[in-house]
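Okay, got some structures for you below.
Both complexes below contain chain A, partnered by chain B and then by chain C.
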Partner chain A sequence: MRKKELKLVITFHTTADAMAMEKECKKVGAQGRMIPVPRSISAGCGLSWCAPLECREELKNVMQGIGLEEEEIHECMV
Partner chain B sequence: MIYLDNAATTMRKPQEVIDAITAAMCSMGNAGRGVNEASLGAARTVYDTREKLAAFFGAEDARQIVFTMNSTESLNIAIKGILNPGDHVISTVLEHNSVLRPLYEMEKKGVEVTFLNSDEKGTLDYADFEKAIKENTKAIVCTHGSNLTGNKVDVERIGEIAKAHDLLFVVDASQTAGVFPIDVQKMHIDILCFTGHKGLLGPQGTGGMYVRKGLHVRPLLSGGTGVQTYSKTQPEEMPTALEAGTLNGHGIAGLDAAIGYLEETGIDTIRAKEQALMKRFYEGVKEIPGVKIYGDFSSMDRCAVVSLNIGEYDSGEVSDALLTDYGISTRSGGHCAPRMHEALGTVEQGAVRFSFSHYNTEEEVDTAIRAIRELAEEE
Partner chain C sequence: MNLSDSKKKLALAGVLCGLVAACLAYFGNPANMAFCIACFIRDTAGALGFHQAEVVQYARPEIIGLVIGAFIISVATKEYRSTAGSSPMIRFILGMVIMIGSLIFLGCPLRMVIRMSAGDLNAWVALIGFVLGVGTGAFALKKGFSLGRAHETNKENGAVLPVLMLGILILATCSTLLKASEAGPGSLHAPIIMSLIGGLIFGALAQKSRMCFAGGIRDAILMKNFDLLTIIAGLFVVMLIFNLATGRFVLGFNTPGIIAHSNHLWNILGMYAVGFAAVLAGGCPLRQLILAGQGSSDSAVTVLGMFFAAALCHNFGLASSGTAMNAETGELVAGAVTPNGKVACIICIIACFIIAFTNKREQAK
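Now for the complex of A and B:
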């Protein structure tokens, strides 16, 4: 498998929340992309936003700006 | 064919709706079920449509828009999801069976229901809402427009009453969404139920509901959601709480394009055209001997519907003659509105309903007027 890196992974309560996040990040030019929720975070399915670690504050601001509440914010090897 | 059954389904759809559905059927995966482009594409389209509908109805948040298959499903979710045994609910005789039957079901479970009467023109007395409120009244469930008479209901006024008495207000916008402005905040609507295939000009199998933020509605269905797979219960977060199973992504893509069309064209323009056609038809048939028209036409700011009978003729017979002799499609019979027919005294005869779209033409209306005149002379 590919080499893993420590990344920021944000999970959401619903797909609608994930889509709101993706749309806003694209709009403001914030880094990251949708990935399946890693098993190390949660067994099951769902979409999560994966971005470099240093984007934590910027992404929190993005979410705050649109009234979006994340499920969890993790740092994990993906 | 001259299609004048638009209150049942608007048959002619904007070309962009058809194109969007075709494109979706060639490319769309399952929304929220993966991060491949096909799945993400579907999720993006669904979310975009949520946002458009939220803006269209004045909702505070796109996540408060839930997709269903039609108004009936939305109304079932609303009525069965907010009422409990011992509650009292106020509704009206104008309602469609999509409201009445869920209410009857709840009645059997111990919910008390009051149906407010109309006058002989099918109009409500708004003071009756206040008078019907009791200590255990939980909600008012009311249509925005009668599918039989076309009478429009002043939901803003009822919303004020609901707000003043701390009642939930559920509105059936089947006949009005996409044609009349609806602002859920201004009208104090807690749950708005709409279908995609009528005035919104989308495909059948699309519809939805707005649920006010913070209002808990018991889900009617539970199942796959794409999230929280190992939880034994349906997620509580909106809109997922009320959306079990794969959404009609292909249809929603069409609805998305339909909202775009409505915004571009302007619902005021669409409504003006529909109402002008309705008025032309009404003026053309009202004086014909033997023709009886139902509903309140004191104002033309009403749904583009004219229901009538000719003498004692069975409405089905008239509708069939219109189709076979003139190629005009109408709707006869009971229109799934049994209490409205009872109030109008037309249970036995039914009524012939003409309902107009902005795509109809004056020539089509004139043909329908001529047809009614000739059929009335046959009597």
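Now for the complex of A and C:
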């Protein structure tokens, strides 16, 4: 079984925002992957972006570049 | 105990939900309909007099329990959030589509799984449609579909549906205002207190585990993530064991008395509409009730759409009939989809396509 690590988890207001994030991250080569919102941080069944902790600024820039607003940015075990 | 931090615990949540459903089936809920969101909303709509189909009128405490159970657990664990404003009228239409598709197939995704566990091959056929519908919805998501974001509202706003459900419970137990079937599926039910407790437990478990039948398949398609399907697998296994142990497992298509029909095309198309609309609305019928319980007015509007369409289905003859045995002649009378139901199903699928490919993220901001 994969060992859980402390990761950056970005949640979004809509599923479409999460999809847009995935598309842009793939386009610019930013790290991370889409995962279901972890149950420990939100009651939604939506999608979130999970990446290493050190990518926080890079991902913020990616979101700014396409006018994407995150709901919250968490650090949690994933 | 955290029921959501590992796949084993998620499976356990599914097992517990399966046990609730099995208990309710054992103590009186209709055969093969242990816990069906669409059927139970339809019965409750009938109890309130929204439609006059005398065999499907009963204020199902399970529905009330689900909403109130989700409300209580979300408040207790600080997950209650009163939100609203994400294209409510489109969600109302999606709620209608979910109900119409469900009553053409004769069951919501939860009942589809319960029917599958009882050997009903029609439900396995319908699963094809459901998966295709969820897949189409996932494709729309990839193409930028969005109903826009919800916003925080006064906390009282999110509590309206749970309070309304409480009102129905009070009317059902303390007055004679509500209708109750004397024959047919509506007359078959577990004792009220058992149904209510079952609904509360199921609602709390579904809220903590994020159980969603459409979401499970959506996550598998979009992210190869099988967490939500683990819960459903747990429920399926328990119901399978229960059906085998109690002699309720009957493998076949034309099984009388289980409220199902063998119109394969329409089973597929009915559940296609349900899967498609559920992904667009952000969850299956069960999930909509749970989200409404934890404060989402958008989901509450979807639930109201389901209530509205349940009445339409019986007022306009859209609901299908189940295969039954003629008591006098002993002949098998095949269940059927009505002509009106077929037209409605096509309209529902067209409506889903229009909604899916005209509501884009860029314009929803």
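Assume the second predicted complex is superposed on the first by the 75 of 78 C-alpha atoms of A that agree within 3 Å, B and C clash if a C-alpha of one lies under 4 Å from a C-alpha of the other, contacts with A are read in each partner's own complex, and residues count from 1 in each chain.
Convention: a residue touches a chain if its C-beta (ideal position, glycine included) is under 8 Å from a C-beta of that chain, and two chains touch if they have at least 3 such contacts.
What you are looking at is a predicted structure, and each value in this text was computed from that prediction instead of being measured.
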item: Combined model on chain A where chain B meets chain C, clash or fit; value: clash
item: Which superposed partner A:60 touches (first chain B, second chain C, both, neither); value: neither
item: Which superposed partner A:19 touches (first chain B, second chain C, both, neither); value: both
item: First (chain B), second (chain C), both or neither touched by A:40; value: second
item: Selected from 273-281, 309-317 or 327-335: the stretch of chain C that, after superposition, runs into chain B; value: 273-281
item: Shared contact residues on chain A - chain B and chain C; value: 13-17, 19-20, 34-36, 43, 45-47
item: Touching residues on chain B, where the partner in the complex is chain A; value: 31-35, 40, 43-44, 46-47, 50, 61-63, 225-230, 235, 237-240
item: Complex contacts: residues of chain A adjacent to chain B; value: 12-20, 22-23, 34-36, 43-47, 67
item: Chain A-touching residues of chain C, taken from the complex the two chains share; value: 2, 4-5, 74, 79, 81, 86, 141-142, 144-150, 207-210, 212, 215, 219, 222-223, 225, 227-228, 282-283, 287, 294, 360-361, 364
item: Chain C contact footprint on chain A (complex, rising order); value: 13-17, 19-20, 33-36, 39-40, 43, 45-47
